[in-house]
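What follows is chain A paired twice: with chain B in the first complex and chain C in the second.
Right, the complex of A and B next:
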């Protein structure tokens, strides 16, 4: 029962990404603003690294977020944080962006597969 | 064991296929977005135009799916993510309300009025943030992004299944090794005798 209560309130999708990715996903209807709390962060060349780290940690600690979508190239900036993350909820998915297409080499699942087959 | 490995590999190819689809969809979405930016002018379509009162209309539900095919996995349940909308969530709540009303047989006027209010509320379409007459490319872009979003949910589900299958495979592998070791010991003993 306790396990159920940990995920049933989680139904938001959070986004950390460049302006176009965030605009697109907000158009799809994921954005939610509740007072000062937003569930998205637009990262541009002026965004300090500490801000990305802070937001990422904040999103992982929130109890109403089910999924965090983060642009793969932004995840690279905070690679250590993303790789060390081991909670079941929220789930993190790295998504491609306009300037950085999907790179299977960096996919965490495919990395595991390579490891399993000893490559 | 071989069968699990086969299932595992087919899940992986499904994952790769899904990624390919998402990439196409996202690519289309970005292209249409760029086109909309071009027609609307660069300052009409940026983060300053977001509505500060936005409410998420697309949400996810997490449920647990029990896989009956699993033999003996460390975690019996796989988390299943489903894309849902705000309307569905509030609809479910309303259903619960009305069923409890029916059970009691008494009409609660307060509940009734909240129901009407939630039905009357128009759910804001994010397209409206950028004006009333938006170019068709922006609509097209929205459609692409919605599709990619459901693809992303599929990816997450596939990923969970893959991780589970992997755990299952590792467990069977260990069992097999143990069994082989025991067999070898038996053989060694009988050879000594």
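Right, the complex of A and C next:
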């Protein structure tokens, strides 16, 4: 079981998304910059897949992030990483974007739920 | 897996009582764990239902938020760059608190704000009101997202705990209890056999004693017969050569 100390200090919400989603969420005030570390990544058509994977893994390893919000279509690019992720903290939440409405079929958490209830 | 062997133990009556106590303990443990697993599964199902509802709500809210962002872009132009560059310290943060659910510590996220509104000056040129409205919509959206995230963490942790508890229940039911049963049967059978051996030995000893007694009887009667043969008194009518009397 997780010791309390592993999530007592987790305070921030990280975002990996396209420009509009990130802007909106930053407007709400979730962005945090200290020195070189940002807790958000703007992904556009020019961003290489490796950069997305790297940032994802980095966010999951950081001790001060509690929730990672990721656009569903971006989660599709790194579907393997997201599906294999099984830590309790930080929580991965897939959100829809302006151009890609929410598709419950692709959500990794709901897939596990269906898998459990399929039995 | 050879789960049905017995425990290696010397078959005495004390061992038998020990094993019986162990069996009782295992049975109680099994029923307790089963009840815990059922309670957790029930909790699990309610959470899953809530997650599904929350996800749908979230998708609707995010759509409304995106729409308001589009409105802002229409009125105030592209503010993306401005917003990204002016990020300094997060105002919107989450705190985790623990809830105890039938023995499992589940975390829950709670939003709190720290620091002033960093985007007060954004859109001072034009569309400031629209930007503030958009910001509020997004704040509401993030609050919903935080709730959803709490549910999801609870889901993941409960899932693991339920699997663990079920594994333990099965282990007790299919391995530990049969093993103790086999040990008890073995001890009982050994004790019975010891009893039978004892009985048999007793009978044999009795038989031998009896035979010994009979032999002793026969010897005694034979002896007494011989002695009576030699113990007849002297016959006065029998002529014996008397020895001369010499003065």
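Here is the rule we go by: the second predicted complex is superposed on the first by the 113 of 119 C-alpha atoms of A that agree within 3 Å, B and C clash if a C-alpha of one lies under 4 Å from a C-alpha of the other, contacts with A are read in each partner's own complex, and residues count from 1 in each chain.
Quick note on the criterion: a contact is a pair of C-beta atoms (placed from the backbone, for glycine too) under 8 Å apart; a residue touches a chain by one contact, two chains touch by 3 or more.
A quick note: this is a predicted structure, and the numbers were derived from the prediction, not measured.
Superimposing the complexes on chain A yields a three-chain arrangement in which chain B and chain C clash.
By the touch criterion stated above, A:88 is placed in contact with chain B and with chain C alike. In the superposition on chain A, A:26 makes contact with both chain B and chain C.
After superposition on chain A, the chain C segment that clashes with chain B is 109-117; the remaining candidates among 1-9, 109-117 or 181-189 show no clashing C-alpha atoms. Residues 4, 7-8, 10-13, 19-20, 22-33, 39, 42, 66-67, 69, 88-89, 91, 93, 95-96, 98, 101-102, 104, 107, 109-110, 112-113, 116 of chain A are contacted both by chain B in one complex and by chain C in the other. Note for the complex: chain C touches chain A at residues 48, 51-52, 55-56, 58-59, 62-63, 65-66, 69-70, 79-80, 83-84, 87-96, 98, 105, 107, 109, 113, 117-119, 122, 131, 134-135, 138-139, 141-142, 145-146, 148-149, 152-153, 155-157, 159.
The touching residues of chain B, counted against chain A in their complex, run 12, 15-16, 19, 22-23, 26-27, 29-30, 33-34, 45-47, 50-62, 64, 79, 81, 84-85, 89, 126-127, 138, 141-142, 144-146, 148-149, 152-153, 155-156, 159, 162-163, 166, 169. Across the complex, chain B is touched by residues 4, 7-8, 10-13, 19-20, 22-33, 39, 42, 66-67, 69, 88-89, 91, 93, 95-96, 98, 101-102, 104, 107, 109-110, 112-113, 116 of chain A. Touching chain C in their complex are the following residues of chain A: 1-2, 4, 7-8, 10-13, 19-34, 38-40, 42, 66-67, 69, 86, 88-89, 91-93, 95-98, 101-102, 104, 107, 109-110, 112-113, 116-117.
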